[in-house]
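The same subunit A turns up in both complexes below, where it pairs with subunit B and then with subunit C.
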Partner chain A sequence: MANILSVEGAEPAAQAGLKGWFARRMQTEGGIAAFFVGPALLLMVLLNIYPILHSFYVSVHVYNLKRPHRNPFVGFENYVMFLESEDFYNALINTVIFVVVSVIAVALIGLIFSLALNELGSGVRKWAVPLILVPWAVPYVANGLIWEWIYHSDYGVLNGLLVALGVIDKYQTWLSNPDRALYTLVNAFVWKEVPLATVLFLTALQAIPEDLYSAAKIDQAGAPRRFWHITLPALKLAFLLVLVYTSIISIKTFDLVYILTEGGPGDATALVSWYTYVETFRNLQFGSGASISYVIAIATFILAIGYIKILYRPQES
Partner chain B sequence: MKELGLSRRKLLRNAALGTAALALPVSRATPSAAMVKSLNFYSWTYGISFVKQRIAEFEKLAKVKINYGNTPGSKYHDTLVVKFTGKTPLDVIYMIDGHLAEFVEAGWLYPIDEFPRVDEYRKEFIGPTADALTYNGKLYGLPYYVGHMAFLYNEEHLEKAGIGAPPKTWDEVVQQSLQIKSKGIQEYPFLQFLKADFWMGEMLFTMMYSRGGRFVDEKYNVMGYDKPDSAVAQSIQWIIDAAKKHKITQPGFMELNEVAALKAFSSGTGSFAILPNYRLRAANEPKSSKVAGKIKMALIPTANNAKPHVCGWTRAYSMTASAAKDPARKAMSWKMVDFLGGKDKSGTYRTAKKWFTEFGLGFGHAPLFKDPDIVAAANKWGEAKLFESQMALSKPKDGQKAVWYAEWDQFMRPRVHKAILGQADIVGTLKTLTKQWNRLKRRYG
Partner chain C sequence: MAAPSVPDVKEIQRYRQAAILGRVVLYLIVAVMLFYAISPFYWMLNSSLQLEKDVVSVPPNWVPPTLNIGNYEEIILRKPADTSVAFDKSMAGYSTFPTADVLPSMWNSFVVALGVTIINVILGCLAAYGFARLYFKGKQSLFYVVLASRIVPEVSLIVPFYLMIRGLGLLDTYLGLIVAYIPISLPLAIFVLVAYFETVPQEIESAARVDGCNRFQTLWRVILPLSAPAIVTAAVFVFLTSWNEFLFPLVLTQTMNTRPITVTLLDFVSEFSVSYARMNAAGVACVIIPVALALMFQRYFVRGLTAGAVKG
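Coming up: the complex of A and B.
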C-alpha cells in the first residue's frame, strides 16, 4: 500500500538521509502509529513522566526550602524517616479506616440507589438521575464548606434536625469529638461520591437483558436468587470501576480535612494526604513530602491492581 | 459649576488628582520605576474594598497596573508557599512576622534598608515592631498593622449578673462566668476558640504570657516550659477545667476558628472572649453585631501576680526577592510599599490611619497615638488609653524568629489538642514539645 507520506517518483529505499529514513518508517504500521501517537506521547512525557521522575529525584534529596541551597543526596533517608514517624502511622491508620468505610458505604449505597432507580419508569428516571448527580458536581471545597455549616456544634443543621426529631436532646459536637470526627468526614465524602457510583451501577443494570430475568422467573427463581445469580455477576465491571475510583479518590482526600478539621481534634482526622501536605507546604520539607507521595502512589497502584485481579475477567466483559 | 467653567467630570478628575498628589511622595519617584507597566500584589482577604481603593489611587499616581490577588488569612502561608515555589510573579505582599524567618531563609523576601526614609520610619515604629520585621539585622517591610489578643466582655451580661467590673485574674474569670451561668444569662459565658489552626499559637501564648510564662529566651533555650507548674501547663489546665469542670466554655471550642468566634460573640453568644484587638471595632459595629455598643475591652486577666501581657504581632507590606532582581521593578515595588506603609506628602501615615479609623486595625507608628482622629475613633468604641496600655504590654511569640518556629508550631497544635482532650498528660505533652524544639534547633542551628 502506497503511503500518503511517501515521496512521489522515488523508491523509499533509494532515498538517503533523514528524509529517506522517515519515508521508510512511514511504510510500516509501527512507524505510522508512532507518527500519530508521538506528539501526544511527548506531551505525556513532559507533563506526567517528567514530574514523576523529578519528584522521585526530590524524594531522595534533602529539599528543605528553609535551607534552599543545601540539597544533598540522602538516598532513602526521607522514606525511612517518615516510616519511623509515629504521626505517619497514626495518619495511615486513619486513612485505612477512612478508605475502607468510605468505599464500602459508597458501593453499598450506590448499589441500593441504582436498584431503586432501575425500578422506576424511564420518565421519572430521566429527572431523577440528573438530580441525584448534583452532590457529585459540587466542588470539593464547596462540599467542605457545606458540611462545616451542617456539622457546626452551635448552629449546625444536623443538630437542629436531630433535636427536632427527638434523636438527641441537646446539641452535640461532631467535628471536635475525637471519636466521631473521622466518621463525619466519611459521611461528607460518601454524600459526594455516591451519585457517580449510582449512575455507574444503573448503567450496568440497564444493560442486563430482560430475557434473563424472564427465564429465571419461569424457572421459579425468587428475587434474591435472581439478584444473586443474574444482577450481581452483571455488575462486576461496574463494581470494579466504583471500587477503583472510590479507593483512589478516598486515599487522595484532602479538601475535607483542610476545610473541616485541619487534622484535629488532636490528630483524629489526620489522613496521609494531610500529613503529606503539612510536611510539604507547612514544614517546607519538599524532599520528605515527595517521598510520602511516592509511597501513597505505589500503594494506590497496588490496590488498583488487586481489584482488577479479583474482579476483572476479560472473557466476561 | 458651569459658571466657573468646570464640567462635573473635570471637577472630579481634578479633585482626584489633587488628593492623589497629596498622598504620593512624588519626589521619591525614580526614573527607572516608570519603566514598569505592572506589579503583582498579594494579600489576605480583609477590607478588600479599601485595599482596592488604595490600589486604584496608587495606579493612577504611579501609572502602573496592579495585578491584585488575595486569599483567606488562614490559608495565606500555604498559598504563598505554593506561589513562591511555583515561581508565580509576586512583587509586593502582606507579610506575617511569624513567617519572616522561613521566608527570608527560603530566599523569597528582599530587605528594604537601602531605600530612602526607611530610617526615619524605623525611628517611629512602636515597641516590638522594628524587631518583629527585622531578621539578621535587616528590615523586611513597613508595618501594615500591629495587633494583639485582647480580652473582650459583654458589659450588659456583667450588669445583669450584678458584676461591677471585668475580671482581673483568671480565677475571677471562672467566678464571674459561674455567676453569669447561674443566673441563666449565658450557658457558656467564656467563648473559647481553639481550632488547630494559625490562631492557636496566639491564644496559647496569650494565656501563658498573662501568667508570667515564657517559652524560650533570646538564644532559643527553653525556659521551664515543661515543668508541672509552668505558666503554659497552668493555661492548658485552666482550659480543661473551664470546659470539663466548670462547664463555662462551649463544648465545640476546638472546632471554632477566630472568624466563627467573632460571629458568635457578635451574635450575643458568650460574655467573655479573647479575640484580636481589632475585632472590638467589628463587635461594636451595628451593621454586623447584635451586641453593638455593649462590647468592651479590659486588660487581659492574670495569675501568679504577673503583668497583663498578651501575645502581639506585626503584619507588614514587604517586597519579594524576585521583584528586586530587576532595578525598575524594585524601585516601583518600593514605591508601593512606601505608599501603603509609609507617610504621604503631608507627613501622615495615611493608610495606617484609615485602617484604624475605618476597621479598628492597630498601627505600628508611635505618632499616630497622638493623632486627634485616632484618639476620637478609639474613644468611640473603647478607651484610647486602654488600647495604648495593652499594646505596650503585648509581646511577639517567643522564638518566632527561629527558622524552625513554624514547623514546631505545626507539631504543637495536635499535641496540645490531645492534652486538652485527655488523650495525653499535660507535662508529658510539654516535654514532647520541648524535645521537638531542641531537636529542630539542633537540626537548623
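Coming up: the complex of A and C.
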C-alpha cells in the first residue's frame, strides 16, 4: 500500500504479482484516478445503478405482493397498461402544471429577491441572507406540517389573516378545495426552494465586476439596458443551475403530497411520484409501479441530459 | 451626439426623489422576503407555545395568551395528553394519543445523518479530486453518470432498495439507512467539491508536486485546507439531505430503534388524534437542528456554492 504514497514515476516498479500490478497501475494517471474516483463510483454503481437495473427487471414482470410466488414475465404489458390508464394522464398533467408553475415561480421570486439584496449594502445582506435561507434547511415533512396548519380550514392562520385584512369574509377551504389544492402545494414547494435560488443568483450577481456598470453608465446606457446586457448574461449559469435543480426536485416531489393532501381531494394533487407510490404500496403492484417509475426516470434523465449539455458547454472566452 | 447639459436644481431633486423611492421599494422587497421566509416558522413556534384551547380559537392568537411549554414536556417526556380541552374524549383514538418518542428518533436521525456525512465527505473529496485534477478515459461521461443518477426519483428506487436491504439483513438498522442514504447525497457532494477544487490555482498544486508531494498528499495538504467552504457546504448538504429523508426510512425502518424524526412526525399529524399544539411542538423538534445548522454555517455555505454558480 505504500505505493499510493510514493510519487508516481519516481522509481520503476519491478515487483511481480498483485503488488507489482498495483505499483504499475499507480504509475499512470488513470490508475491514480481509479484510486480517487473508484470508491465513490463503486458505491454509486452498487447503490444506484444496480437498483435502477433491478427496477427494470421488476417492471417487465407481474409482481403482486398478494400473490408473491407467481411472478410471470409479461414484457412491456405493465407499461402499456399504465400508459393507457386515465389516472396516469391525470397525474402527468398535474405534474406538468406543478413543475412548470414551481420552476417559474422559484426562478422569478429568487431573481427579484437576489436583485434587491444585491442593490442593498452588505450590512443588510449579512443578516438577511441567513434568515431567508432557513426554509431551505427544513425537511419537506416539516414543511408540509407547517403549511397544513397554516392552511387549516377551521383554525388556520391564512384564513385568520385574510379575514383580519378584510380580503375574505369567512374562512375558506384550501387543501380540500380541488381548484386550489395543487397551488397550495406549489406554494409550500416554492417556499422551500426559493432560498437556494436566491443565494445562487446572489452569488452570481456579486461576482459581476462593478467596472462593467460604471463603463455602461459612462456610455449612457439606462438601467434596463444595463440589466439586459450585463446582469442577465452574467446570471446565465445560475439560471441553469436553478432550472435544473428545481425541475428535478419538483418532478420528484413526494413527501409534500404525502403529508399535505395524499393526492386529494379526489385526484387533484396526484403527482406522478404519488401515483407510483399508490400503485406500488397501496395496490401492491410492484411490477406496474416499477414500470411507471422507469418511465418517469427516463423522462427526467432526458431532460437532465439536455440541461447538463447546456450547463457544461465548453467554456468560451 | 448632444453634449450632456448641466443638470439644474430641479433635475437633481428629481434624481434624489427617484433614488429614495428606489430605496424604499428595495427595503419593501426585503421585508416581504423576510416575512415570507420566517412567518411560517413563527406560526409553528407560536402555536406550539399555546394551550390547546388557545390554538383552536377563531380569530387566531397572534401571540400566546398564556405561555405554555407543556406541549414540549408532553412530547418529550411522553406524558399523556390533557384531554379535557377542545375535544370530546369519546372521540376515537383520542384517549390513546400516540406519545411518539421524539428524543430517541431525533437521536436516530442524528446518528444516521452524521454517519452518511462522514462517509460521503471523504468519498466525495477523493472523487472530486479525481474529477477536477486527473485525466482519465471517459471522465466526462462518468461525471455525467454520477450527476445524472441523482435524477432518478426515489420512489422508483424504493422497491429494489427494500429487497436489497432486506436481503442483506439490514432492515431496521442504522447501517441499512446509511447505505440507502449514501447515493442520494454523494453526487451533490462531488458536484460542489469539484466546482470548488477547480478554482484552486493549478500552480499551487504544481509547486507541491515539485516539492515531492504525491497526489494524495497534494489533496490532503494543499487542496483540502484551501477548500474549507466547499467541504463545509458539502457536509451540511449531506447532513441536511439525510436528516430530511422521509420515504426511505418510512419503508426501511420498523421500530423506534431506528425510526428518524421525519417519520415519527407522522404520528402527530394523523387524522383522528390531532392535538394541534403538540403537532406544532413536534414540528419544532423536527426542524430545530436543520435550522441551527443552516444558520451556523450559511456563511461558508454561500462561499462554497459561489464556485459552482459563478464559474463558466
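Criterion: the second predicted complex is superposed on the first by the 278 of 317 C-alpha atoms of A that agree within 3 Å, B and C clash if a C-alpha of one lies under 4 Å from a C-alpha of the other, contacts with A are read in each partner's own complex, and residues count from 1 in each chain.
The working rule: contacts are C-beta pairs under 8 Å (C-beta built on N, C-alpha and C of every residue); 3 or more make two chains touch, one makes a residue touch a chain.
Note that this is a predicted model, so its numbers are computed, not measured.
Of the two partner chains, subunit C is the only one touched by A:L241; subunit B is not.
Once chain A of one complex is fitted onto chain A of the other, the partner contacts of A:A304 are limited to subunit C, with no touch recorded for subunit B.
Applying the stated contact rule after C-alpha superposition, one finds that A:D154 touches each of subunit B and subunit C.
Looking at the shared chain after the overlay, A:L185 reaches neither subunit B nor subunit C. With both structures placed on the common chain, the touch criterion links A:A105 to neither subunit B nor subunit C.
Contacts of A:F254 after superposition on the shared chain: subunit C is touched, whereas subunit B is not. Contacts of A:A33 after superposition on the shared chain: subunit C is touched, whereas subunit B is not. Judged by the touch definition given at the top, the superposed model places A:L41 against subunit C, while subunit B stays out of reach. Between subunit B and subunit C, C touches the greater number of residues of subunit A.
Once both structures are placed on chain A, subunit A residues 152, 154, 171, 277, 281, 286 are touched by subunit B and, in the other complex, by subunit C. Residues 4-8, 29-30, 32-37, 39-41, 43-44, 47-52, 54-55, 58, 112-113, 116-117, 119-120, 124, 128-142, 145-150, 152, 154-157, 160, 163-164, 171, 191, 194-195, 198-204, 206-207, 220, 236-238, 241, 248, 251-252, 254-255, 258-259, 273, 276-277, 280-281, 286, 289-290, 292-294, 296-297, 300-301, 304-305, 308, 311-312, 315 of subunit A touch subunit C in their complex.
Against subunit A, the residues of subunit B that register as touching in their complex are 77-78, 81-82, 85, 102, 105-107, 195-197, 250-255, 260, 264, 269, 403-404, 406-407, 410, 413-415, 417-418, 421, 423, 444. Residue ranges of subunit A in contact with subunit B, taken from their complex: 65-68, 152-154, 171, 173, 175-176, 178, 261-267, 270, 277-278, 281-284, 286.
Against subunit A, in their complex, subunit C makes its touches with residues 4, 22, 26-27, 29-30, 33-34, 36-38, 40-41, 43-44, 47, 55-60, 123-124, 126-127, 129-131, 134-137, 139-140, 142, 144-161, 163-164, 179-180, 182-183, 186-187, 190, 209, 212-217, 219, 240, 243-247, 251, 262, 265-266, 268-269, 276, 279-280, 282-283, 286-287, 290-291, 293-295, 298-299, 301-302, 305-306, 308-312.
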